[in-house]
Amino acid sequence: MNFFLLTVLKAVIIIFVLLTFCAYLTWIERKVLAHIQLRPGPYRVGPHGLLQPLSDVVKLITKEGVIPANANKVFYVLAPFLAVATALLSISVIPFGPEIEIFGIKTQMGLADLNASALLILAISSLGVYGIAIGGWASNSKYSLLGGLRSSAQMISYELPMALAIAAPLLIVNTLSFREMVAAQSGYWLGFIPKWNVFAGPFPQIFSFLFFLTAAFAETNRVPFDLPEAESELVAGFHTEYSSVNFAAFFTAEYANIVTICCVATLLFLGGWTPLWPAAYGSDYVPSVAFLAVAAVMLYHATQPLRFWDKYTYPVFGLIALVFAGAFQVPLLKPILIPLFWFAAKTLSLIFVFIWIRGTLPRFRYDQLMKFAWTFLFPVALVNLLITGLLVALT
Amino acid sequence: MPATVPLAWFLILSAVLFSIGAAGFLLRRSILTVFMCIELMLNAVNLSFISFAHRWKAVDGHIFSFFVMVVAAAEAAVGLAIILTVFKNRNTLEIDEVSSLKL
Amino acid sequence: MHQLWLIPVFPLAGFLINGLAGRRLSKTVTNVIAIGSVLLSFLWVVKTLMALGPLEEAYVEHYFNWISSGPLNIGFDFAVDRLTAVMLLVVTGIGSLIHIYAIGYMSHEGGYYRFFAYLNLFMFFMLTLVLGANFLVLFVGWEGVGLCSYLLIGFYFLKKSANDAGKKAFVVNRVGDFGFSLAMFLLFVHFGSLDFKTVFSKVAEMPQETSFGLLTGIGILLMVGAAGKSAQIPLYVWLPDAMEGPTPVSALIHAATMVTAGVYMVARSFVIYEHAPIAREIVAIIGLLTAVMAATIGMTQFDIKKVYAYSTVSQLGYMFLACGVGSYASGVYHIMTHAFFKALLFLGAGSVIHALSGEQDLRQMGGLRSKIPMTFLTLLCASLAIAGFPFTSGFMSKDAILLAVHEHSPLMFWIGVITSAMTAFYVWRALFLCFFGKERGHHHPHESPLVMLMPLGVLALLSLAGGYFNIPHWLEPIFGRPHEEHDTALVAVSVGAGLLGIFLAWLFYVVKPGIPDSIANALGSVYRLVYNKYLVDELYDATIVHPIRDGSTTVLWKGVDVGVIDGVANGVGTTARGIGGILRRMQSGNIRAYAAWVLAGAVLVLGAITVMGGAK
Amino acid sequence: MDGLIFLTCAFIAVACATNLVLQTHPISSAISLVGVMVSLAVLYLLLGGEFIGFAQLIVYAGAIMVLFVFVIMLLNAGAERQYKRSVWVTVLGVPLLFGFLGLVAYFIQSRVPATDTVKFGAWTGGSARDFGRVLFSTYLLPFEVTSILILIAIVGAIVLAQKEID
């Protein structure tokens, strides 16, 4: 039963980390958006508003949950559950690092290691639409219904280019397992150019990567494809009628989906946890240096406190950063943390792109959205797949 | 509980699902539900295919059920379009009210 | 590879361009394409033959596997040997000349591009026929030229007689093709191949058949096919009618090239005939009979083209006779010389008709010698050649034939000599009627344009001197060395017969124009019989056409079609409607009821299987 | 263990299927059908159908059924009205159904020997690689024909569903 215990433990850790991260993702998003718009963003709760997510969670949980009259109660409650369940399910096959060994127990840095993880991701993401559609329908509100309809049509439409964009790098790595995929992308050309699918292969998958990201925006209902929840047209789309925990569930699901899809993009195109340049050139010291820099900034701020608490909080956070910087060089933790760092760095960069796009691009019109999927994205993704396939077959 | 499952159980499950689908086809009046019952029957048949594929250790059964899926997809596209048209022209989804060939 | 396929492809391209886009092209462009393609083809033939050298052996090119089904394996192959080379040169050479001539002749006709498109298509098929390395490719060309012949006979499709003539040609040819097809089936069944090389090498190993056997059957069937195409008894009736087509067509297709395809085929299959003396004898007899009969009819006709048409039939009979007595080389020799002078005769006749604005009746002509001197001179050359005037081309080939015939059977020789006298008579009769005496019609004749006269000139030269291409010698690798038995007496006899014919014609139609009428009166019914072409058309009408038509009307249409087929169809319909009337009650429109029926059916089937013990 | 997994999946499948037939509202039926499909997909995966199991999820549950839900929502189809049933369909149909089921069960019982057992994970020949290899070699022609079928379906669906052009 060791296996079960370990799995349960890993599940708990991953879910806890993921949910916390999702919560902090709201903070990151608000902060980044704020800086894009030249304002400070959350600043009151904790240093730089770092405790803001915590207070948000408390607020959402303690609010009164309202079930609208004439709503279909079963489905109304079922919908957010479905949404969260599918979102969390797909994270289960994401490996965050290589196989590791702690205290003599060999295990994967991920919940499950399937032979067909990529297929599972596609399958689960195609099921994700039910939560939104059912939620929109069960609310018995025209805004919700329209949001649900839009999202189901949109997600079906963008699933095709997404699948095609995934298929192209799969042809190159010749496997459906994420672990083997990363293994296929490790190594360097000329000693320093990483063999990631975006750069490498018989046909660099830069186009696939762009198509995948575009489709991912639509799949996660993000700007510029956030029509299911377009506030200027549909108030809040499918979750207009939701409040309290149910609302939080939808929210979490959305952010969890973003995280998942960024992880998948990292694994498929950016080489997973492989470092940007070889360890021989000192890539192992990057995390320590980065955290040292953070610590330095924190400690510098501590010497010039703007508010009363800054004298105490900044040194604490600076010390935490210092500890992290040190932890990356502890031999026991090194093989675990370094890959994790690179994986997180890449995923976070992608998430930053998500937020960045949200801060800069306007929303599509609905017909443009569909037209874009079917008349541009789908054919070019197909052509890209064709070219990749031909080149793979020829080499 | 035995460590193995008799093949017959899978087939019985398949038959039961098929019969439920057929019952739904006979008893329900909503075109949409009837259509879903057809899909259920197709699924039941697929289960048989895949059980047999396991039994004979041949992937051909999977191919058959794959084709069934493809055909079901095509059928769903056309069928739902027909349902939309029927609804547009007759404003009903009752299968018993669609009893003449003329629209 | 010498790219033999280019030879027929040039005219095909011409056909496609003219046929598809001709309506939009100017006449000049049409001319350039039509004649250019044939000339290119001719030049390619010359180039290829020069490149191929002496051609002792057949040179074969395989392009693709055309039909491959079980034991049947037929390639699309072209082959060139010495026989093909002669045919290629004749077809493309004469074809080019006639194409050029047609520019002038057809300049005032409607459907100009259509005419040239058909003509090019004909060239394509004719070249395919000649180049084919097996019976089936040959057959493709064979059928193709038949089609073009039909299209071109019926070129003036507004004229009923032209349409009828076209249909007649087509139907009569079908009879021959039937024989040809049967021959091919037999060949395939017994030799497992249709390749000339394979078949003939297998035949060569067989012993000569003294009685009626397989090879005799094949030979006779092939001859039926050849008789259809080459207008021999009993299938010659279409050729005189084919003169409804434009004169260049008559010259090219119905005199110089297509009609010789039958002779070519017989010569090609000579191995079979060498092993089947009975079949060969039949060929000889048919040829001789045709020659005599056509000659007698030719003497009485007044339509200038009809005269030449019967002359063609008669000359083709000569060629058959040559083949029948085993002198294939002289037959092919005669194909060539005949192509020269008969093409010239027709083109000359065309020139006369052109000059007289469409008049074809000899009785309306006369005294044209000074009006259209060039035409007269060239026709004179042709008439000399066909009459076997010494040292002309006709003399050479006819002599070769008659010598061979004499060796085979003196009786046939004498009949042949008489025929040759008749030939000289009717050709010169036409010449005298046309160019001598006083003008009879009310026309204003004018000489033809240069573009028509030039081919006439070339052909006139060839008619006079073309015999010096020593074809029998050239063909020795194929047919073997002919018996060099130059009996001067026999030559003198045949020349004498020709001169006698010329003299009689001169006597009857220039000196004493009254004689023919008095002879006709004296002979009375015999003359009328011959004048009416022995009533063969009427005979065929009465014995074949009418019975078939009446039988079709009464039995097949009124009886079988209306009674049986319609009855069955209606009966099925009525029954189905009756049953449907009962079963209709099941069609309630209730989909779920249908589903229940399907289910009931499934249960029934399963139950039946159980009851029958299928579920063990 | 295998028996327990099978019975769980089978129970979910049959329960969902029954629910599909019993529910009056189409959307409930649709969600029930998705439940059937998901549990069947699990069975497929256990039977070694790695590819077909995910295909079942992607194609059936993820595309076809979403289409159904979409249409139900689009038409705003309400619950089925309860009124007189076509009596004879029930009278004829239900016994027929039981007859059918009984016959099939008899067939299975008589033809499939009890020794034919399934061990989950004993055969894993249904991976995407194996599947693709067979699909694109032995079944290439049917596959290509299917693409034409789908093309026809697309065209048909568009023609049927388009707004009338007057």
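Letters A, B, C and D mark the chains as written, and numbering starts fresh at 1 in each.
We take it that a contact is a pair of C-beta atoms (placed from the backbone, for glycine too) under 8 Å apart; a residue touches a chain by one contact, two chains touch by 3 or more.
Since the structure is predicted, the reported quantities are computational estimates derived from the model, not experimental observations.
Taking each chain's centre as the mean of its CA atoms, C is the chain most distant from subunit D. With centres defined as mean CA coordinates, subunit C is found 68 Å away from subunit B. As a whole-number value, the distance joining the C-alpha centres of subunit A and subunit C reads 84 Å. With centres set at the average Cα position, the gap from subunit A to subunit D is 32 Å.
Residues of subunit B found to touch two or more other chains are 22, 26-27, 29, 96. Counting partners per residue, subunit D has 51, 55, 63, 67, 74, 86, 89, 93, 97, 100, 104 as the residues that reach two or more other chains. In subunit C, 590, 592, 596, 599 are the positions where the chain touches two or more neighbouring chains simultaneously.
The full set of touching chain pairs reads A-D, B-C, B-D, C-D.
Against subunit A, in their complex, subunit D makes its touches with residues 27-28, 31, 34, 38, 41, 50-51, 54-55, 57-58, 61-63, 66-67, 69-70, 73-74, 127-128. Contact residues of subunit A toward subunit D in the complex are 72, 75, 78, 115-116, 119-120, 122-124, 126-127, 129-130, 133-134, 136-137, 145, 148-149, 152-153, 155-156, 159, 163, 176.
Across the complex, subunit D is touched by residues 590, 592-593, 596, 599-600, 602-603, 606-607, 610, 615-616 of subunit C.
Per the touch definition, subunit C reaches subunit B in the complex via residues 588-592, 595-596, 599. In the complex of the two chains, the subunit D residues touching subunit C come out as 86, 89, 92-93, 96-97, 99-100, 103-104, 106-107, 110-111.
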